[in-house]
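There are two complexes below, and they share chain A, which is joined by chain B in the first and by chain C in the second.
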Partner chain A sequence: MNLLVFAAVLAAMLAVRFFLKNLHILVWLALWWVALFVVFKYGIEPPLPASIVNMFMAIVTLALLAYLSATTSYLRQATEAVVRFMVDRRFTVPLVVVLLTVPALVAWQVYAERTARPTPPVSGRTIHPPPPNTISFKGKTIDLVNGENPYRALETSDPEAFAAHVENGRRIYYENCVFCHGDNMEGDGLFAHGYDPLPANFNDPTTIAMLQETYLFWRIAKGGPGLPSESTPWASAMPAWENFLTEEEIWDVILFLYDYTGFRPRAREEIH
Partner chain B sequence: MRHDASPQRCCGRPPACRRRAALLLAALVVLPTGLLAQEPDLGTEAQRAAGRQVYLEKCAQCHGENGDGQSYATPFLRPAPRDFTAGIFKFRTTPSGELPTTDDLRRSIREGMPYTSMPAWRGVLSSTEITNLAYFIKTFNDDFTGPYGVPTVVEIPRDPGFDEDNLERGRQVYEENQCADCHGNQGRGNGPSAPTLEDQWGFHIRPADLTKRWTFRNGQTRRDIYRTFTTGLDGSPMPSYDMPEEDRWALVDYVWSLSRSEPNYATAAYSHAVEGPLDLSRGPALFEEAEPAYFPVVGQVIEPGRSFYPGVNGIELRAVHNADEIAFLVTWHDLRADTRGRNGPDLPAPMNEPARPDTATTFSDAVALQFPATLPTGVERPYFLFGDRKNAVDLWFVDLAEGTGRRYIGRGYRDLQPASDGPPIEVRTAYDDGAWQVLFKRARLAGEGLSFPEDTFVPIAFSVWDGFNQERGNKRGITSWYAVYIAPLEQPAALGPALGYGLATLLLGLALVGYTRRKYRTATA
Partner chain C sequence: MKHRKALSKPFLAVSFLLLCVFVFVWDGAQAAGSSMPLLQDAGGYRPFPIEGISSRVAMWVVAELHLMFAAFVLAVPLFALIIEFIGYKTGDRRYDELAYEFTKLLSVSFSFTATLGALLTFGLIVLYPKLTEYLMSIFSWTFFPYVLLFFLEAIFLYSYYYGWGKMNPKVHLLLGVLLNLTGTAIMFIADAWLTFMNTPAGIDEAGNLVSLWGAINNYTWMPINIHRLIANVAFGGSIAAAYGAYKFLGARTEAEKAHYDWMGYVGNFIAISALLPLPFAGYWLGREIYAFSQTLGITLMGGTFSWLFIIQAVLIGNLFLAANYYLWLGMERIPGSERYRKFIKYLLASITACFIVWATPHSLVATVEEARQMGGAHHPVLGVLGVMSAKNTAVNILILTTFISFLLYRRSNKEATVSWAKAGKTAQFAIFAVVVGIVVFLGVYGYFVEATVRIGLSVPQVLSVLFAMVSVTIIDIFLFRDAKITGPIQWGKMPNRAQYALFFIAITFAWTMGLMGYVRAGMRQHWHVYGVLEDTSPDAFTPTLGFASNVISVTVLIFFTFIAIVFWITGLSGRKAWVARPDVPPEDETAQALPGDGDAQPAKQPAWEGAAS
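Right, the complex of A and B next:
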């Protein structure tokens, strides 16, 4: 969400509401239409696809028409205005302009659509694909639901040993991960621009901050090739690190990711 | 005039020596007049302590806790992380051999070095933190605290702006100063000395590709370019140049004219439909009408044979097709044509290996186009690194020592099988002043296997091997999947339908107004 856009639209609508009294109902509806369009088009991050915006605007148009026809006086006001525009001699020139402009726009739109270059199919991405309950790691079963980072407990019981694990994780990160995930863990490493989707940004509160450590273990160990076959396509370039790292090294790098970003892993939900 | 006779000599003589000589001179000339009163800008104790905190958190993993550039990441990074203890800095506003100013250090931290592992820290670190860091970095070398700590600043005059009339003079300045020795005739970083250049630490260093302004380490604005050749890049073979002011701006204009500011990376290439035959002997001229698409090439750092500093950082594709055939032209910049030795996608390469340029020319340059072995019906594509067990890829491989095409069917890097079935591929290769040009041609449609039907996006990916960089097998530059669109041979009509829809709308509008007016007249009558 882009709060600035929201605030600007809200402020503009409130200003119109309080400073321009007795607006014609059609003007008022048009303002609503424009305001919502601006919100859908510029107020949402990441931007909505054009087809979704068009769909939303069709719904908005219907809703505004429904609002108009729900009140008899409004409806009469609106129809009278439209009829006056088409009949009154004062409006002849603008009427001719509208009668010519609209077909021209339609023709231009059709022409643009027919000659536009097709856009390549987008590769979809599910932000947090559902993890399996367990995975097999070099013959060992790892419980993703009830499992825990075996070295996490050291944080309180033996801070020195814990620090050694974090330091080892740091080594792993800068030998293996930094090239894509970047120095500051923002997914903007040296090679990040070669990939779509971009490497994960660990500083973003919607990534590791809302995941359990076992989830990270799964994603690191199995990588792009280990993603579930449902909800494909996966275009993830993340390697399956189980081929190159030991179990302890993966847990250590997870400790380092949380240590560096200052986030806490999501705790396992207790079921009573 | 170049300050140093040869690039090699300039890196052979450590600036520290030069600095001593400079000081001697200063002691003789300046000290008696008492002009050395200015104190080095070292910040306060508290600022350095705060800088140390940030350094240990954000910088030490590459530059080392002791600032000596030795760290976990060092073996994998080229250019190597700066060794601050040496007191040699590339990016300065001070004369060659002198230390940088606090602002120079701040600029390097803030802006980073594009296309290296040094990120831009603006947005992550505050201006205060960056200043503190600069002060802390000065503690790694004692010269900062002494008389050398007050460097002279080279003023950069106001930019007169790009002037096309200067280009001829700029080209002359480029030639007079032998810029082409390293940077090449057309600035592609392929001068005759390019393969032999070393930095202060003995690592091979590539001259900048002047056609890719976005990769300029010292920044890509006109002032940045002016500063780079005016102050030189200490520790690298790039010397500083002394010349009249007009010549400096003429050279800036010339470098400016060689380069684009943005890579404009594409996600798809559009194959141009032509009527005539596709005759590869016409060379790149065959592709004149086709729009180029430029894709980023990155190191394969995922599987064994990891390539942390690939020799190639981008590849351009053009495609044309007619009713029967399709042809591709791929071009990329390479500092030398390695046409001795051999190469192959299936040659063994170790997991990691130390960086050292290939002086023995064991491996040749090579390139491969990668397509899915059969066109995917859905959105799923083979694994982008030579395919996977379920989905195979079709590799069109060219060892540039041979100049002929070979095909492989890949199911992962450990399972690459030479393929002989399917339509044959015709290949032509050329190396033109720093740029490889490789042309491919094949029948567009095949009964089984890979086809290029009209109105279709065909997934495409690339591998590039720089023999100079000892790239072979899985050690290579790669791209992820992109697409090439095969335009229909007959474009659908656009003008007719557009006019039709427009006319229909006009009639509808007229009818509506006519109806309303009649009704109104009846009502008022």
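Right, the complex of A and C next:
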């Protein structure tokens, strides 16, 4: 959050509120629109993607239009002002300016878009691709729906053995995964900046904290090549770790991921 | 023969359209026939005979249309009965007339529903014989009560409709109850078939039936029953409100305007009342789906279809906004409401903030540069708003805000006279404040606990909101029992844009239903019956969201065309009997024979021009 921007916008709106009384409703709404745009565009750090700013502003625009037209007197004020601006001779010059400025801005927008540097296409990313019900791991079938981490139970039954598995997971992580997912699992390892999309940030509460352990097993074992066919093309550079790690090593690294981040894996629900 | 000329234009236009459709179908059939025999059974599938339209899309559109009409014919009797009961208890004839007017929409809609249901069945038998055969092997014994209930529904519906005002009111109300019970039972049976396809149960590993009750009572059966029951009321209410709006815009007298303004209000009130608990029912359904299979749950909410939920959030956000907008505009026709108008901006701010939170996606569309600035695929702020804790909090506040709008509307022309008025209002405010505090606290707390606990937190959130709504309503009833009335509601003094808001609400409901129906069926991906019967047809892939949205939009358009026909046919019953112009001498015997109603008096102008309806 950029608190300076927030404070500046708030101060400006309060100043207008107290020093410029009796403002026309259209001016008020325009001020609100601009203030919120500034907050969304510059008040939040890191900056919001343009797609999100556009969506938020569409909602704001809709809300302001609803406010304007929910009161007949406001709507009348607005329509009268627009009609006056269009027909009153006093406003001929500003009207001409508007009529020239709007197409000019559109033209500028078109020019800017056509002359922009080539960039990769903007695309949404499916954060959690749907897993299959079962996978085959070195000839063994792993049940992703009803299965569970075979070493998770040790957490209560044999804490020492559990710690050994976590320690083994730590070793595996720092030998294999750290280069992409980073020292602190924030998805900013040495190689991370060469990838698009960037490696997952496991500290984000919306990644592994929302998933069952079998899901992680599937993603680690099968990697990018094992992603489902829907929503293709996938651009994940994640290797299929089943070619390099044993089943136990993958379960161990999963234990370590949860242990390090402090999250708990999602448990199976029985609510029927 | 002016009337003949006037009739000949639409007749010619319709004939031309029919001819075009015939040529189109014939041409398509020929084209399809040239490459593939029409009725060749290819691995349990048959192609649709029109090139460019796949079997899946054809069945998709028919099923969706059938569902929309079914929702309508199930919902209208429900609230017609409630309104009739209110009329019976209060003795206010207006309610009785309103209930009858709603019921008038039913007979034509019932035929449409049955016809579309038959088309759906035939389509499944012809185009998807393998699937149909399998479902019959599981559910064949449920078909008999289904058909029997249909008979009963027809009997109850028509006797309810034609018996209006001709029976003892208690007997008539009983008919209404029976009509609703049979309709609901029909829906429950049909729901068993479709939920079985998503979350099959009661079968062995080879897919053979082990327990019919197990197959019926599968994971998602009851959640969908409840969800649909509520959604149908909301949808039916919105369509009925749209009917009121349609009649309002065409009204020629102040009395008509007042009546249809009131009708639109009642329909909308029912729709929004049902909309409020709908997200909770949907949430329960989502939980059951996730509990059945994380694959289905993730496909639904985190994977392929997650963006459809953003579209859904935008649509539902718009629904809430439009519902509040209608109430705010409605306050203008109530003397004394001026004192509450200053609150609109705060209510709007709350709605906008909740709308923004609800529509914030978990998976962001971002350029590489933007992703690098964010430090990954997740934005630290948006990531917080993109998960269920935030969504649940937003929707609960949204519901409370809408409830407050309604509360203000309700008390617009009332001034409490009871001695404890100030204490009562303070108590209401305190309840709201505490409940908002609880909802927000639980929403934030959800980020610090594991997933299963977080999901469970939605229950106290919902319960506290329901507590607020119930307790505040009870206080309100006593608070305004002997209230001073500042003036009667001026029905009919409503701007036209409020009626367009009602149209918007009805269309948005239909659209949302279509989108969510697609998600429910689409999450099975390449399965007819998930994990049991694979879809091996050429259409066994998930269509793109853009394509799906187009199909759904076209379906909604067709539905509203049909609904317009229903409105038109229903409106005919209120028109005056046709008579020939007295000043134009008939040219032949046929024209003389046309005025069939001997009691009708010659009109000074053509009946169709003077029709007040």
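The rule is short, and it goes like this: the second predicted complex is superposed on the first by the 167 of 272 C-alpha atoms of A that agree within 3 Å, B and C clash if a C-alpha of one lies under 4 Å from a C-alpha of the other, contacts with A are read in each partner's own complex, and residues count from 1 in each chain.
The definition used in the following text is that contacts are C-beta pairs under 8 Å (C-beta built on N, C-alpha and C of every residue); 3 or more make two chains touch, one makes a residue touch a chain.
None of the values given here were measured: they were computed from a predicted structure.
In the superposition on chain A, A:188 contacts both chain B and chain C.
Contacts of A:201 after superposition: chain C is touched, whereas chain B is not reached. Of the two partner chains placed around the shared chain by superposition, chain C is the only one that A:263 touches, whereas chain B remains out of contact.
Touching more residues of chain A than its counterpart among chain B and chain C is C. By the touch criterion stated above, A:102 is placed in contact with chain B alone, chain C being left untouched. Of the two partner chains placed by the overlay, only chain C lies in contact with A:215; chain B stays clear of it.
Common to the chain B-facing and chain C-facing surfaces of chain A are residues 119-120, 123-124, 186, 188, 193, 196.
Those residues of chain B lying in contact with chain A across their complex are 58, 61-62, 71-73, 76, 115-117, 119, 121, 124, 265, 267-268, 270, 296-299, 301-303, 308, 351, 378-381, 383-384, 388, 455, 457, 478-483, 485, 492-495, 497-499, 501-506, 509-510, 512-513, 516-517, 520. The touching residues of chain A, counted against chain C in their complex, run 1, 44, 46-52, 55-56, 59-60, 62-63, 66-67, 69-72, 119-120, 122-133, 144-145, 186-188, 193, 196-201, 204-207, 209-212, 214-215, 230-231, 263-272.
Partner chain B is touched in their complex by these residues of chain A: 83, 86-87, 95, 98-100, 102-104, 106-108, 110-111, 114-115, 117-121, 123-124, 170-171, 173-176, 178-180, 182-184, 186, 188-191, 193-196, 224-225, 232-233, 235, 237, 239, 244. Of all residues in chain C, only 219, 287-288, 290-296, 298-299, 302-304, 306-307, 314, 317-318, 321, 325, 328-329, 332, 341, 344-345, 348, 351-352, 355-356, 359-384, 386-387, 447, 450-452, 455, 495, 497, 525, 531, 541-542 touch chain A in the complex they form.
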